[in-house]
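When the chains are written out, they are named A, B and C in that same order, and each has its own residue count from 1.
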Amino acid sequence: MLHELFTPSVQHALDLVGIFVFAISGALLAVRKNFDVFGIAVLAEVTALGGGLFRDLIIGAVPPAAFSDLGYFITPLLAAVLVFFLHPEVERTQNAVNVFDAAGLGLFCVTGTTKAYDYGLGLTSSAALGLATAVGGGVLRDILANEVPSLLRWDRDLYAVPAIVGATIVALCIRFDTLNAATSGVAIVTAFLLRLAAMRYHWRAPRAWNRRSAAAEEG
Amino acid sequence: MLHELFTPSVQHALDLVGIFVFAISGALLAVRKNFDVFGIAVLAEVTALGGGLFRDLIIGAVPPAAFSDLGYFITPLLAAVLVFFLHPEVERTQNAVNVFDAAGLGLFCVTGTTKAYDYGLGLTSSAALGLATAVGGGVLRDILANEVPSLLRWDRDLYAVPAIVGATIVALCIRFDTLNAATSGVAIVTAFLLRLAAMRYHWRAPRAWNRRSAAAEEG
Amino acid sequence: MLHELFTPSVQHALDLVGIFVFAISGALLAVRKNFDVFGIAVLAEVTALGGGLFRDLIIGAVPPAAFSDLGYFITPLLAAVLVFFLHPEVERTQNAVNVFDAAGLGLFCVTGTTKAYDYGLGLTSSAALGLATAVGGGVLRDILANEVPSLLRWDRDLYAVPAIVGATIVALCIRFDTLNAATSGVAIVTAFLLRLAAMRYHWRAPRAWNRRSAAAEEG
């Protein structure tokens, strides 16, 4: 099993860290949207577990890990409680949250890709599903909050590219039979650092060519 | 099979009642949003069947009951036709609709929890999925109508708590091996009455601590 | 297998055409919503593959074709690249796009219905799932773009009816054991022509009876 890149306990601990930081970002958005305590918990759960849930439904791994591992379910609730009581403090540490979110992004794109490949998907599909695992929770979070997913917006720092790079590194390692804990770690760290750089230097992705002419047509 | 708490025909009749009242709430929202007759039918179907569909995908019960039982598919269409022709009358009976919706909520959180447990989920996960079964259709309804799910909004009467209580009673009964038609009935009625009380006395859930400081930061 | 109505290569080519035109419609909406290049690609993928993905999850065909056939994944990316560079030209050919979209609608409602039936669903459920296959991608596209699904809006030309007619023809043919490449072709062409006529003559579906009284109550 490729999936067992790290010892199970290390893998599980890393998963819980990723889930926790994603849950924090969901809970914070819920507070900003003025949701009540249940809205905060729901948005924390959906953000943290949505991407992995989608992946598990696609590969047929039912019931999904989100429903078979109690730790996966409890962790977002802890994040929701933390934000509920301490959100001004958590907001103030937004930079720290962003760093953890970047770590979650790197982690999930790598574990998502390897799990998809373990379940028999091709390399390209595995990388695509790894990307979906990493960004899916955030997209569901924004849909529930009735906002345009920040993944899709041009005025946000690059988010997809680091995950694409991480998933691609994993796929290439599988292709050349060199995937192990070390190369996986390289993929995670690369995606993580790329996301940090994107936030630091406000890297943006281009919008469609000839926007001007389009705008003129619209106007 | 725990799932067979009632005789199959009683169970089926109760399911159809729950589906019907949820479909009414979906169809009414569609009318308010000015959707056409197909929009009304789609929103009725999604509201009535969405929660159970999600549950069945998670536990791997495919094809979901929504697609294998013709009555589940036809019932929301009947609700849509009723609302299409009689919606001013149906609106005027909004209180009656709310009472039925509360009954559907109680029913679905109980049957959702037992079905999830039957398919091998743990007690906590089963209760969580029972909750998702009860509230999932309404969340999908609001997403399709492009509104913030009323489940998440602080200015709506408690909706999640009655379902959480009902699902928890079922999980405790399973834990102590006392789940039967009588205790299931108690769980359904408890959730039902709690929801009625929440509407009657406008119980709300709290928003995040220190909202004021957050508002000040935002402002 | 009913599913093999056409030779596999013809079937596959038709699928790719349908995927391509749906992807164009998703990518164009992304440009209008001012999304960046990744948003364009995501919306192209979701629009093209969302309906089939939903169908495959419901019938338990995992991993879905969208993730097991590389051509299904690549085609929307080609459409996204095309729209990215040439969108003013593509917009100008909106009529051509609409014609292709109508072709995709006809095609997907027929192949969706037959595939659902092949996996053991009843006739009515198969037709319903065929409809969901045809319109599901567009609904997901509009949800991601944070708009009310155009499927549900009364001020849009009929979209569901042609797909319902196409899926119903297929279900009737299955019922009377006369489904083959010719009758499937008739179903596809009927849905296609109905959609063209709906656009040409701006056919609309009725809204709820007594809108006036409802509006008065709201006002």
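We take it that a residue touches a chain if its C-beta (ideal position, glycine included) is under 8 Å from a C-beta of that chain, and two chains touch if they have at least 3 such contacts.
This structure is a prediction, so every number in the text was calculated from the model and none was measured.
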Q. Taking touching chains as linked, do they make an open path (line), a single closed cycle (ring), a hub with spokes (star), an all-linked set (complete), or other?
A. complete
Q: Using only the C-alpha atoms, find the rotation that maps chain A onto chain C and quote its angle between 0 and 180 degrees, to the nearest 5.
A: 120
Q) Any idea if chain A and chain B meet via the same residues, over half in common, or different ones? A) different
Q: Please report how many Å separate the Cα centroid of chain A from that of chain B, as a whole number.
A: 29
Q | For chain A, residues contacting two or more additional chains | A | 57, 60, 143, 146
Q.
Using the touch definition from the top, list the residues of chain A that touch chain C in their complex.
A. 57-60, 116, 119-122, 124-125, 128-129, 139, 143, 146-149, 151-154, 160-161, 204-210, 213-214, 217-218
Q. Residues of chain A touching chain B in their complex?
A. 30-40, 42-43, 53, 57, 60, 62-64, 67-68, 70, 73, 83-88, 91, 143-146
